[in-house]
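Each in structure tokens, the structures are laid out below.
First chain A sits with chain B, and in the next complex the same chain sits with chain C.
For the complex of A and B:
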């Protein structure tokens, strides 16, 4: 059996693995970067490049060691370092003498090289693609349900248990029909978790760089830490929404970016690159909606995200919403992260007692 | 500060042409760096921190500060993404009390002269006046750029090429000590020229990086005894490019060294590295 290594994009890796089956081969992946892979990447990459590159690289080196022949990565066409990942990773792997071959999404003539190489039949090709889009939608729903339920669950860890169970079922689901029936089960399974209905959890938005929003190893499982501290969160990267956005750009020429830049216009009149505009616009949006606070995640030295930080600070002051800035590098440890998050949660709780959030919520309701 | 060195001589001539009095912040010194580390965002790259300190120096002394949004300086190329939100960041933080004048410079969309025209209109000047200011300022920039190109011939002593971003190699604090040391040792240093405005296309889209890459491809062992790159701490572009430059120089058999400057630059540390590099060249067969 031929294997292909695919990048880790959190739980969405499950859906991406299904997409890879469209080529008649199997995916080699995990839903989070392993610490060993990260270590390999850190050793091989230049020291001052950003952490996602090291994670990517380490993952591919690990794959090569496991005997995987092919790898796939998504290339960006933006302004930041992500654009050069492919070139750099290719170069480093070559210098290390590794054989793994990396495919991108670029077109060469009518067919992308990746499709031409494996040359699958049309039916084997199309069906898994649709299946994978369906899986992405299911994962979106799972994530959203988990954010809501985790802070109010009565038995700690129950939500995570249910979530993991459903994710395993999803990754084992082979047909569209199975996935559809699983999708119907999602709401019920989460509703069965015993919760404290009286509890009014703090609401926090997560913005920032996408691989940190999604990869549990890189962000030290921030969603779980926050949830178990009784914080309801909204993570502003859902792959389903992002795909819809991309489809809209291609077919209707309408980008969500336009509405985002309308929101952010007072503070930022340029799209910068990466998800920097999203970070600013979503922070403003959350402040208007009456969220208790925001957390901004990025790798240390991230070009677009760091450059909008002074703007985020201004938003935080003007709109009276605390924004916690978290930078991660290879020395970040989980204990440090959870200490900071606990302190942040305490601050938010105190603010709520003093009435500042209630006041803003009231204002938001009145419009 | 960022853009002053990318467009030498342009801005002061342009604004004087419109009957305004341009005030330029003083060259960076250790004092600027100290100020920068107090007021600037901690994770910015060094030039961005210095920029904040230069801005803070001007605020209060002037009626408005000029911070252009430089998205692209060469057609079909991009600038560093950090330039994008710069005017907004200035408005949000350091220059909040002052009026921030800005203009989008994007060579891929419109040439520089048109951007200058729009800038003149923002200042409500007469069209004819703007036009003459544009002409004289573009001329001033060209002559300033040509002046920077030094003689290419060897005159005894070691001949080095110094590469880096314009706001790095022309900065007094960052490159100054290294240049002085090299000159003291009797070496001849040539700064990379940014006069070229259409480097061959490559996979690199960042304009300065591609320009350096393009220049390095044409270098020969006979012309230069070595190449020194000055880079700054936390520079995203350089972190991706240094390895490319290094392997290119290895192919051509030209010695290459990079010096990374941060806020804690110590003269003696740089001296040691420069001396070691120059000495090691003497042992080459």
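For the complex of A and C:
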């Protein structure tokens, strides 16, 4: 059996693994970077590159050590350095003398090189692709349900347990029918978790670099920390939404980027690359929606996110919404992160007690 | 313990990077006793020595009704002492300052390894910031420089105050600051001018890094271990052109705030272990959880054979729990690993037992290699 290592994008890796089956091969992946892989990546990568690159590199080195022959790396076409990351990783792996071959997502002609190389039959190709889109949708639903339930659950850790259980089932689901029946189960499973309905959790939006938003090894499990402190989250990276956006671009020539840049127009007119525009637009959007605060995750040295930090400071001041800057790399210790998050939660709680603008707005909206 | 005839009091413990502080207050907020103790790399011993010193100072008519721990070692100290509340140090410091100075608008706190700024408006914390990736401009640097010049930190402070013409020192990075200082010293600059220049560099660095983009408005309160250094206070005054208030308990404000938090949290029955905490020999023992590929190192805090607390781990399964190890293993949000995989490179295992729910699902990864 041929194996292909795919990058970690959190729980969505499960869906990506299904997509890989469309090439008639098996995926080699994990839903979060393992500490071991991170160590390998840090050793091999230049010191100044951002943490997501080190994580991906480490993951591929680990894969190579396990005997995996192929790897797949996303390369965006934005202005972020991610554009060159496939080539960089490729070069570093070659310098290390590793055999693993990396594919990108580029098109040259009708078929991407990766499809041409494996040359799967049309039926083997199409079916897993649809299946993986379905899985992505299920994972989206799981994530959204978990953000809602976790802050108000009565037994700590119950939501995470249910969610992980469903994710395991999802990763084992082989057919579309199985996945569909699993999808029907999602709402019910989360509704069964005993919750404190009276509680009005703080609402916080999570914006920033996508690997940090998704990989719980890199962000030190920030979703769990925040949820267990009674904070309702919205993580602004949902792969389902992102896919929808891409489909719209292809078929309707409508990019979400346009509506985002309309929102962010007052602050940011140029393209910065990465998800910087999303960070700014979503922060403004959340302030209008009556969120209590925002958390901006930014790997140290990430060009797009670092460039919007001063803008976010301005947004925070103009729109009266606290924005916590979290910039970290592999040296950051977990205690420092939980200290900041706890203190931030305290600040938001105090603001709400004193009738902050956001809370009043939210209350008016709810009626 | 628990005698209703006794006066009640509350204890706050701040286990920071280089010092362990302890404050005992009355329910109204008056300080009964305060201890500042420079740690020597043994947080547990430091806490215990602090406690025994406290029990010696405190008269018998007081009984501890609540304990709150704070600082970077708050979880560990909490396990040793038996704490009721665990609070982050930013909130603890702010609580103490707002209690003493209700009209404060900016709090500077410079400790051993952390420097923070807290913005307060109308008695409410509205914003804060903490040094991110660099420890330049914190107490540890001043300490190491004093050690290099073979003077105590107090001497550094008094000498800096006598300077009239401070030398310009590059304060961007502590390593470069040190080489710049050596350069200036070889060039014949007076030591007191270099000391004061160092204070200026530290303040400049703090204002441009930590306070970047924050609205600094007086009244400003300066606290934390470094606030004892008069040279720093002077540098702040000169840089900001306004008065800097140094509170009476400047060195132990974190612990004072923690004690205030304990007194206000409505604790009915304290978990404080009393004398046991300071007299028993407490050891720690690490083991690898091994329930998932994260392989977290879990530290058990042991009093003889009894587990009084655990630290470490990312999933919250171990944190603060005292049940036997076997009862916790394989429970909680994380259980064993491995998702789908059928046949393959070496040996694969399929996760069928859904009660052992993994936090990290691996697809196609061999199990043999992991264990």
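FYI, the second predicted complex is superposed on the first by the 356 of 367 C-alpha atoms of A that agree within 3 Å, B and C clash if a C-alpha of one lies under 4 Å from a C-alpha of the other, contacts with A are read in each partner's own complex, and residues count from 1 in each chain.
Everything that follows uses one rule, which is that contacts are C-beta pairs under 8 Å (C-beta built on N, C-alpha and C of every residue); 3 or more make two chains touch, one makes a residue touch a chain.
Computed from a predicted model, the values in this text were never measured in an experiment.
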More chain A residues in contact [chain B versus chain C]: C
Which superposed partner A:272 touches (first chain B, second chain C, both, neither): first
A:300 touches, of chain B and chain C: first, second, both or neither? both
Which superposed partner A:261 touches (first chain B, second chain C, both, neither): neither
Contacts of A:48 with chain B and chain C, given as first, second, both or neither: first
Which of chain B and chain C A:340 touches, first, second, both or neither: second
Partner chain(s) touched by A:189 [first = chain B, second = chain C, both, neither]: neither
Which superposed partner A:327 touches (first chain B, second chain C, both, neither): both
Contacts of A:310 with chain B and chain C, given as first, second, both or neither: both
Partner chain(s) touched by A:91 [first = chain B, second = chain C, both, neither]: first
Overlap of the chain B and chain C footprints on chain A, listed as residue numbers: 300, 310, 313, 327
Residue ranges of chain C in contact with chain A within the complex: 72, 87-91, 114, 122, 124-130, 132-133, 213, 293-295, 314-317, 332-334, 339-341, 343-345, 350-351, 354, 357-366, 369
Touch list for chain A against partner chain B, complex: 46, 48-50, 78-81, 83-84, 87-88, 91, 267-274, 276, 300-301, 303-304, 306-311, 313-314, 327
Complex contact set, residues of chain A against chain C: 1, 3, 11, 13-14, 17, 26-32, 34-36, 66-68, 156-157, 160-161, 164-165, 167-169, 171-172, 216-217, 220-221, 224, 228, 300, 310, 313, 322, 325, 327-329, 331-332, 334-336, 338-340, 342-344, 346-347, 350-351, 354
Residues on chain B engaged by chain A in the complex (per definition of touch): 41, 43-45, 48, 69, 71, 78, 80-82, 84-89, 92-94, 96, 203-205, 233-240, 242-244, 247
